[in-house]
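Here's the structure, in structure tokens; my notes come after.
Per-chain numbering from 1; labels A, B and C assigned in written order.
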Amino acid sequence: MQFIDLANPTRFLSISARLMPVLIGATLIAFAIGLYMAFFVAPPDYQQGETVRIMFVHVPAAWLSMFCYTIMALSALGTLVWKHPLADVSAKAAAPIGAVFTFIALATGSLWGKPMWGTWWVWDARLTSMLVLFLMYLGLIALWQAIDDQIAASKLCAKVILVGFINIPIIKFSVDWWNTLHQPASVMRLGGATIHPSILWPLLILALAFSLLFLVLHLAAMRTELMRRRVHRLRRLAADSRLQPRKA
Amino acid sequence: MKLTVSDLSCVRGDYRIFDSVGFEVDAGEAVQLTGDNGSGKSSLLRLVCGLLERESGGVSLQGAAPGAEIADLCHYLGHDNGLKAPMTAMENLQFWRAVFGRTGLEALAALRTVGLERIADLPTGYLSAGQKRRVAIARLLVSKRPIWLLDEPTSALDAASENLLGRLVDEHLGAGGLVIAATHMPLPFAIAATIDMSLQRSVPEAAPEPWEYTG
Amino acid sequence: MTMAWALFKRDVGLGGAGFVGLIFFLSIVTILPFGVGPDLNLLARIGPAILWIGALLSMLLGLDRLFRADYEDGSLDLLLASGHAMEIVVLAKVAAYWVTTALPLIVAVPFFGFFLNLEPPAIGALVATLLAGTPGLAFAGAIGAAVTVSLPRGGMLLAVVILPICVPILIFGVSATLAAYTDPDPFLPPFAILLALTLFSAVIGLFVAASALRASSR
């Protein structure tokens, strides 16, 4: 399927409508297999016990939050550089999804940490970077809400997304630095030194499941946004005094 | 020098404000854009001086120095006057003179020309609307730029000030300048052509059933 | 270049809110001991961080009006239509903003440092890091201000948008200050990174802010 075929919003809506059932089915299957393996095949950690299974949700959610922002950055390039008509729809639709994945990563990270560290939160490098990413998502959503003119909003938000994207490695580096500066080195490592295959496979399958879930949600959100814009346009046309009901 | 607008259309947000507008302005000519609010008069002016992006068509200039951009040759007099209230009229004009080029009258001489020499050292916050508009007009005099884009230039002006504007525009045209003025009010200077913007507006898209376009 | 200098002079002349920023800065420094207690040792330890955060917040306070006033009275349109590069316009305005808002804070830091029981080496390091880092904050702020210029109450949104850019500058600013008088830690690496961050912020800020302003004409 050519990428340019999707450029026309109407074609995109019909193609995505046909794809959705397949994707939803694939997502459910992937989740079923992945969760089964996570709960029944992977062994409990000798240190953390059963709570290590939270990692199977936390790690893919964290990967997806980064992946989602990358998709948004590519969409931003699509808006500014190639002026692709669906690029801004893609970016706007992805932001709330990314925010939710980041929130899931933060919440599961916190839940995982409580039994281990005894506190609901630690300011370790990874979680803190996630928190900043969460703020970036929220800022973008707020910006889209605040600006009325859709076209202006997409261009401005595209610029903010790209600035943020360039900034992510800088934030990661800074937070790492800050962390080693202020905390002693004996912070628990969230992942463990090596990953045994019986843990790796469920992790990868769940990562695939989450990716499919993202794809489903993203396509659904893009469809919704396109519908929303259609309604907006029809309402505007209804207000145009030159439009009269066709004489029967 | 000749300014040519050809097949120009402009999109703001979801609206196509005007479509396929075309006209020419020769040196020494003033063109008036008329039409109701929303017909795109202001947008056309803003498009010519570069504040808005065109959707299609073009604006071109013949007879100017090579490498000169239209934006470098325009004076834009918009709805707002661009004056800072705490600064005096002199200071405001001196600032804009530094921005647009020290090629015209000195600030005080420009104020004298518009009859505001007396309030030159007064912060513009104290001035009436008509006086502020005259200071904004004086801005056109402190830097020499051949293309004047005037949006509702006579708003807030009394009869005497309107005559003053007429004289200034006539002088400008006499020196080989061009003027495009957007207003549905009568103008105090000679108009070579009138473009009715409300006729230029095309329909945004095919009317969805069961509607149709009339008028 | 006459335009840039004229714009810089004009904005510096108009920038009365630097005084308010200074009072705000003093308020933060005063309020803090009420929150954490008058323990001088504790205040000396967190002093650099408090002054850095205070500087950041004071600068955020005034960013709203960086482009807003020009947007509202038509000056921005005239600058956009003048044929000058918007990057130069942004540079002149950000420079004027820094002079009127950040410079008074930096001058006040030695005095405020005494409130927080800071030693001269710490104060010296603070002044150096603030001089190196606040321009970066100003340029980052320009991005937020340009993006929200058409929003009437865009102030808070501005802060949220630029906070992720300011966080690294804050981290290295405080880190370099602490390193200056904490023995084993070297001062130069974090300070160099701070300078690099400011330069990076300046380059990105100039282009993104100019681009956003060009797109913002009503």
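Keep in mind that, in the parts below, contacts are C-beta pairs under 8 Å (C-beta built on N, C-alpha and C of every residue); 3 or more make two chains touch, one makes a residue touch a chain.
These numbers were taken from a predicted model, which means no experiment stands behind them.
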Top of the farthest list for chain A, CA-centroid basis, is B
Using only protein Cα atoms, the chain sitting most centrally is C
As a quick test, compute the distance in whole Å between the mean CA positions of chain A and chain C. 32
Just curious, how far off is chain B from chain A if you go by their C-alpha centres, in Å? 47
Just how far, in Å, is the C-alpha centre of chain C from the one of chain B? 37
By the touch rule stated above, which residues of chain A touch at least two different other chains? 152
Enumerate the contact residues on chain B facing chain C in the complex. 46, 49-52, 69, 71-74, 76, 78-84, 86-87, 91, 94-96, 98-100, 102
In the complex of these two chains, what residues of chain C are touching chain A? 143, 147-148, 150-151, 154, 157, 160-161, 163-165, 167-168, 171-172, 175, 178, 190, 197, 200, 204, 208, 211-212, 215-216
Given the complex, residues on chain A that touch chain C span 132, 135-136, 138-140, 142-143, 146-147, 152, 155-156, 159-160, 163-164, 166-167, 170-171, 173-175, 177-178, 181
Chain B-touching residues of chain C, taken from the complex the two chains share: 2-3, 5-7, 10, 13-14, 69, 72-75, 77-84, 217
